[in-house]
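We call the chains A, B, C, D and E, going by the order they appear; numbering starts again at 1 in every chain.
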Amino acid sequence: MSTATDGERTGLQARVRRRAERLRDFVDDTSPGALVTIAVIAASLLAAFVGFLLVSSLTVVPFIVFLAASGYGWLRHQEETALILTLTTTVSTLLILGLIIVFIFLESVPVVQYESATVFGVTVPGLRMFIETRWDAVSSPVRYSMVPMIHGTVMVTIIATAVAAPLGVAAALFLSEIAPAVVREFVKPGVEILAGIPSIVYGFIGFTVLSPWASDQFDLTGQGTYLFVGVVVGLMALPTVVSVAEDALSSVPESMKSGSLAVGTTDWQTMTSITLPAAFSGVSAAVLLGVGRAIGETMAATVMLRGVPRLTEPLVNVFYGQETLTSLIARNYGEADGLQLDALFIAGVILFVTVLFISIGAQYIEWRMRRKLGGEA
Amino acid sequence: MAGATRSKLVEAETTGTDAVAAGAVGLSAILFVLSLAALFETVTISEPVAGIPVVTLIGGLLVLLGGAVITFGVGSRLGYVETQPSSGAGLIAAAVAGVAWFTVAGGAASQTLGLGTVGGVAGGVVVGGVAFAAAALTREDIGSTVPIGSLSLLTGLVFIADVIGPTWIWDLGWEQSASLTAEFVIPVATLFSTLFAGWAAAKAYGGFGARGRRMGAYTLIYLNALSIVAFLFILVAFVVVQGVPGLMTGVQFGAGVGPETTLFGFTFTWPIYVPFVMNGVALLNDFQGVLPAIVGTIWLVIGAVLFAVPLGVGAAVFLTEYAERGRFTQAVEVATNGLWSTPSIVFGLFGFAFLVPRFGNQKSLLAGMLTLGFMLLPLVVITSREAMIAVPDEYRDASVALGVTKWDTIRSVVLPAALPGVVTGVILGVGRIAGETAPILLTMAGGTFVPGAQTVDVIGGFEFTATPPFVANPELLQATSALPYQLFALITAGVGLGDNVTDPQGFRWATALVLLIVVLSFYAIGIATRYYFRSKLRYE
Amino acid sequence: MSETETTQTEEKRSDQPLQTTAGETEEETRPEWIDYRFDGKSKLTSESLDVFYGDDHAIKGVSMDIPENSVTALIGPSGCGKSTFLRCLNRMNDRIKAARIDGSVKLEGEEIYQDGVNLVELRKRVGMVFQSPNPFPKSIRDNISYGPRKHGDIEKGLVAKLLGRSDEEKEDELVERCLRDAALWDEVKDRLDDNALGLSGGQQQRLCIARALATDPEVLLMDEPASALDPIATSKIEDLIHKLSEDYTVVIVTHNMQQAARISDQTAVFLTGGELVEYGDTDKIFENPESQRVEDYISGKFG
Amino acid sequence: SGQSGDSGSGGNSGGEGGGSTSTATDAPESGSGESMEGETESSSSSGSSSSLLTAEGSSTVYPISNKGSSYWNSNAPPSDGEYWGSNSESTVPGWSEIETDMLIADYFASQFGFEPTEQRSSPPFPTTVGLSHSGTGCEAVVDGLVDIGNSSGPITAELDWSEERRDETVVDNVVGRDGQPVVVSADVSEAGVTQLTGEQVRQIFQGEVSNWSELEGVDYDQEIFVIGRAEGSGTDTSFRLNMLGDADAPMEVDTRQGQNQQVAQLVQQNEGAIAYMALAFTGESVIPIGIDFEGTLYEPDPDAENTIFDSDYPLNRDLHMYTLIEESNPNGGGRDRREAAFINMFLTEFGQTVFVEQNNYIPLPTSDLEEFKSQLEPLMA
Amino acid sequence: MSETETTQTEEKRSDQPLQTTAGETEEETRPEWIDYRFDGKSKLTSESLDVFYGDDHAIKGVSMDIPENSVTALIGPSGCGKSTFLRCLNRMNDRIKAARIDGSVKLEGEEIYQDGVNLVELRKRVGMVFQSPNPFPKSIRDNISYGPRKHGDIEKGLVAKLLGRSDEEKEDELVERCLRDAALWDEVKDRLDDNALGLSGGQQQRLCIARALATDPEVLLMDEPASALDPIATSKIEDLIHKLSEDYTVVIVTHNMQQAARISDQTAVFLTGGELVEYGDTDKIFENPESQRVEDYISGKFG
């Protein structure tokens, strides 16, 4: 590993050189007409994009050029035009992620400055949002602490995971290993349909049926509990867990399962000792993705929660439900302006970064699993 | 292998003792249903059935269940029942028993004995520890029946003895009042005792050992699957039952009762009139409806699909067919997966910050379309990629070996073969975005009660102008309504405002039902497409 | 079964009755339909066995009697149903949803296709090694001891350790014996705790054989165990099979006729369509087959 | 006969729309069979002066402005007493002042120079009303996103503006008044809480008491469920301003809801609840209570000596429809003709009765109406 | 290439240069390194060809000269590099990312591994049939006419129809000729518009051969074209190959030595490691091989 940097550098150089070579080959192999066409396509599209970013009314001109060039290219140089167009679409996908990052981060800058805090003489921008617990956008001192919402999100997510993970993994096992073909044909679409039920419908039922019921059962003052928001969100995350975990379980090679059965084990022993351990990474990725879903769930939380950014007392009091990061945004974007609006973007940033990390983590785990099953471990 | 034992190749007939275990499983099933009914107040726990209060009845059944489970376990240990127990019940069973007893003992110590939190925890740890040890360290037939059976026994006795009666309540003493009431605790305690005991009984029925564990686990797993399906069924049925009255108000059948529609110059009159989906909200209506929201949803979906599908399929083509696997493809993969898991509200924020200022600085249909398009995009990329990767390389090789160029191969061989997968993915994705509220809340949401006359009309909205950009479409640049948003607005703003809606609650449920129907139709189409293509691709 | 404590060693194998209703099955009459007669006891007997995959008739009325403690080879062109037949012998075909099986297979006279057959027990007695090596993604040691642990013959794990019931010595003994039997011990003895997926293909295949031996089966079914191996690994496995036939009944599928000729005592030739065309002593089949089709096949006219 | 989206249904199932069938046939030239596409097309493509008039904001003003908008978009004929409020049986106040045979929107629009369409459901220009809160409405109108910003609180408090800035930027069209009530749930009312002192209300909303029994003279052991409106809503701002003394006064509530209706629903669904809202949303189980301000008890009963409908009730507030002053229309004091035509409808005696009073709000005195009329003279046709 | 409008028929074959910059390559000298000399013209020539998959050296310096209008068989144990070598002959290996190729292959004296080679043209001239049948999921007719359509030799489709340029007759003719050549016509002539995936394995394989013939190649590379087939289908394909060798240069990989002996004119024996051990007339190789290893291999001592 000592020569890692060295190796990397030469690797990088080699890569750059290869890239350049390939580009030169491409230019050599391509007719001048095609080259001009794709150059025009690329340039006009870039111009249109820049125009759009700058809110220019001229955006449409390069866009029309782009359409015309693409049309011409399609007729005359289809091979090259297809390449450049598909490349463009790919770059756009990356670009969208980039734009999301840039825009929600940019919008949240002012509140980060406002909420600076000084620790040990060092002023850390944004720190106060995480060390104080007060959110009050109206009466002074105006504070935009994220702590209550983070607490709410954590509570909801924990409860949701406690619901979705075991039930989801069990259902995935059922679908991939146990269910007879006929049953499977019914249950699997059923789970998919469950994923399709709009969250606002869950929220509506939660608000009108579940919340008053819970208020009654637990003798609560008013309605709106993390417990039942968590349960509802858990049910909503369930299909994600089931389908990803099922994929992982069924990607365990049949030969491994047969191998276990052939030494005379029950299918349950095979599942617990071979299939689940082999698919463990995939199953944990499924749970992680389910967690991601739960964190990002908005509407059910918005209509069921109380909408007061405050910590519950004690912190484990699941019978009260104040606010989550998502519901804060959905509830307040309308009347918010200035710093308060920026604070909503901070909530968005926290959500986005958390879920992005979870997603990357899940992908890493899955990648490792694939490698392991490929025999490289 | 010294000590290896052979069991019989062919199993014996069911015996009387098996019947006991089977009976216990059946009893658990009854109790399970009963506790659910009590939890949702279909059965009131304080009311008597045949002269016995339900609580006492439940208690009695629990005692019976616990007794049966323990008896079977002890009987097996003493050799009266023929089983094949392993040497221990296993860590998981032990942990379950430990936690259950910890909860019970902790609660009892702190509340009934009044020892407070510390005492509660201490008592819980001691009793839970004993239960854990009893389950872990004894032979399986004892370990998996006695700790769990006695839990059920105890719970039953507590109910019978009225220690926890219908009026019992435990104020948690937390800042805002929150209490555990008998209405909740009794059904839930019954539910858990029953689940545990049912599992132990199923294990016993399987004769413990490998087969017993399989039996126990399968019982729970089947129950879980059944519950999920039942939950889905109940959910949908509930919305249907609640929504149908509102949806059906004012429905008429017969020639000429419906509104007129002109399609391709041909005008016809609908033979059915469903005001709820054919009207907007207006003063002159007999019945109010949500037509503008339905049309808004349809246009949203069309816009999102037009944006995301070409982009997504194009990207998938590039990634699978052109790009070499490397940093770049990896980055795109991470990005698409990241986008896929990005919360919808974040897309909403992004649309709010990025699109709204660029489309006339106001919420608009176009902004909503694009925001949903952004959401749909990663799904299209992922599913299209999967579909294209699944196209066997043989097809590509065959085409290339015939001297066909790359793009021609993609167009004529890869894309057609991948089409089913792409289509299914898109339809399922559309189902998801059609029900999304959060993103359009921030980017598109228009009026709450939209008159039918303001139903968005994208095609009719195109205008041709003499100056660039030559075409304009004010309809696209205006806010409109969509079903999920409409439902949200109805929840938050209510419907009691218009004088014309006689049954506001029915109106809301009907909106929920229509939304559900729209979204689930997409799913149904998606799933059906998949079946169709799958059967077609398998080829006979 | 917990009460029956038969000690099974290699020397003394339990030939206890397989059915509770023991009785008539124990007579040693060779079925009268058989046209191949051998000395010694018969172990596995299939009678007019048919297998369908959906509408596809993969095995057509195969009747065959397999003698104990010998090597029986199944040969035939690709797709003729060798693997299918082999998998019928320990009911591994039950795993394939599309498969439907008609007819009878008897293990020591006891029907394995009847209600109430304990599949776990059957597969313990009739072990199997698959065409491509399929070790578990566990350590080499755990691969071997997996079966016995699941059967409760070896106790291991945290609880067992706490109770002092851990059978570590027994496990070590077992692992060593099985690996020696599979001619793998010397190569892996220093890395028993490494992941088995790190072994080479040939080593993996031998590990799978060792794994099958660990549950002490009476019959060992092998589906082309050397198909993916180099000549050296192949010859090791052939030697091993030869040695195993002293204690076990071995049934082996191979696509390599020379291999069949080298290692088997009896050979059964299947031809396309799932028919058993000829079955008899290996020498006879290879030197003097009765059917012209078998002769064509063996001399390489097709396949 | 066919029907377009919102003209009455073919059936005659009574209710409020009972007469619509006949009216639809009364106006054959209206082309009532025309498809929706046709209607919207004509409305969106005929120049900016007849383009959609948009309003947005306060949920308190919403009932007024939405009802007005419904009337406007229906463009009903005067013979349809159901909507005009005047028929053989009764006559709304102000009817004599109008006395026209034009369709309703045609009538009000034509006063400001718009061509009558003479078609039901097709006003000279359509209107739409969005529902959110006052703060949003104020901002939207200032940003030019909508034509009219509804607000139940003064824009000065909503956006923290000076009065000068207000006068320079917007026209304040006051269309009615609200006697903002404090309401309790049915169980609280049954427990005998029918009035509180101003101080008690303040204590409740600033978290100083948490159980009804802690209040003097109340014997009801029940946690108080304190419901607030969203921060930034006019109702919230007015309540802080008028009850707690400052638009930024601190509050402590158990839950905050976006709109009045949702507050009403929560009060209905829960025990021990107390909330502040707009008059239009009170009901059988959303019960207004009397409040005693320094010895004066303002009762919810309109016939009492001092009532919450009185203008000196401290929580009494104006309901605004702000319009933006634009240089393009100097004549109407900053209003353009569409805005003037629409708002004018509310500021007639007819409008005050139908849109304000019938929604349980307090109509404006005649003097105010006349002053408004004089401001609009220059725009009138 | 869209500008060149050569009509290709069997009689008049377009031997247009592979390179845009045609040049010196046309001399007809047999390479002097060759140790196998045959009568007639040589078609394909590889010279010290090396193939690496990553670090794995799969083909080691293979030099070989393949005569025109004859059948050349490549045999050898599994994994010895037969398929790899075959795929080098029309640069299908370019599609494998890991593969790196050194050395030279000449088609009629023209180097195919040099810059500027038109791969499309090369593969039109050197057709290929794969080991497992891989028809497109299209109709039988479309499978055959796919290549010519893509090359613009046949116009079809909506646009062509609208323009009245649809070459339906020409297509029918082509389809019939190719299917007849591939001995498939009689079996499928009544269902040309059925999906090709509905054909049996053997029929699919012959369809793939017909498809390859449709682009009128000079050389036909076949990778174990009969490996998955029953004897009857196999013998049909063998007859076909025999017939094809009159007009085409056929190179065939097979794992079946008897098959190689039956159908080929020359045989090349590869052995594990990717070496070409022996190459010569088929009779000589099978009756009197020079190398002991080849003899061992042919007599079934291993593999």
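One rule holds in what follows: a contact is a pair of C-beta atoms (placed from the backbone, for glycine too) under 8 Å apart; a residue touches a chain by one contact, two chains touch by 3 or more.
In this text the structure is predicted, and so the values were computed from the model without any measurement.
Novice: Please give the intersection of the contact partners of subunit C with those of subunit D.
Specialist: Chains touching both subunit C and subunit D: A, B.
Novice: Angle of the rotation mapping subunit C onto its copy subunit E, from a C-alpha fit, rounded to a multiple of 5 degrees, please.
Specialist: Roughly 175 degrees of rotation.
Novice: What is the chain whose Cα centroid lies farthest from the Cα centroid of subunit C?
Specialist: In terms of C-alpha centroids, the chain at the greatest distance from subunit C is D.
Novice: Taking mean CA positions as centres, which chain lies farthest from subunit B?
Specialist: The chain farthest from subunit B, judged by C-alpha centres, is E.
Novice: Determine the centre-to-centre distance between subunit A and subunit D, using the mean Cα coordinates as centres, and give it in whole Å.
Specialist: Those two chain centres are 41 Å apart.
Novice: With chain centres defined as C-alpha means, what is the inter-centre distance between subunit A and subunit E in Å?
Specialist: Measuring from centre to centre gives 49 Å for this pair.
Novice: Distance from the CA centroid of subunit B to that of subunit C, rounded to the nearest Å?
Specialist: 46
Novice: Please set out, as single numbers or ranges, the residues of subunit A touching at least two other chains.
Specialist: Residues 221, 265-266, 269 of subunit A touch two or more partner chains.
Novice: Would you give the residues of subunit B that are in contact with at least 2 other chains, written as numbers and ranges?
Specialist: 176-177, 210-211, 405, 408, 491-492
Novice: Note which residues of subunit C are touching subunit A in the complex, please.
Specialist: 90, 92, 95, 97, 119-125, 127-128, 130, 132, 134-138, 146-147, 150-151, 195, 197-198, 208, 211-212, 214-215
Novice: Taking the touch rule as given, give the residues of subunit B at its contact with subunit C in the complex, in rising order.
Specialist: 1-12, 79, 83-88, 90-91, 94, 136-137, 209-211
Novice: How about subunit D: which of its residues touch subunit B in the complex?
Specialist: 2-11, 13, 15-18, 20, 33, 35-41, 43-45, 51-52, 59, 62-63, 66, 70-71, 73-74, 76, 83, 120-122, 126, 128-131, 143-145, 223, 254, 257-259, 261-262, 264-265
Novice: Any idea which subunit A residues touch subunit C in the complex?
Specialist: These residues of subunit A touch subunit C: 181, 253-266, 269, 273-274, 277-278, 372-373, 375-377.
Novice: Provide the residue numbers of subunit B that touch subunit D in the complex, in ascending order.
Specialist: Checking each residue of subunit B against subunit D gives 176-177, 250, 252, 256-262, 269, 273, 275, 278-287, 291, 361-362, 446-457, 459-461, 463, 474-475, 478-479, 489, 491-494, 496-500, 502.
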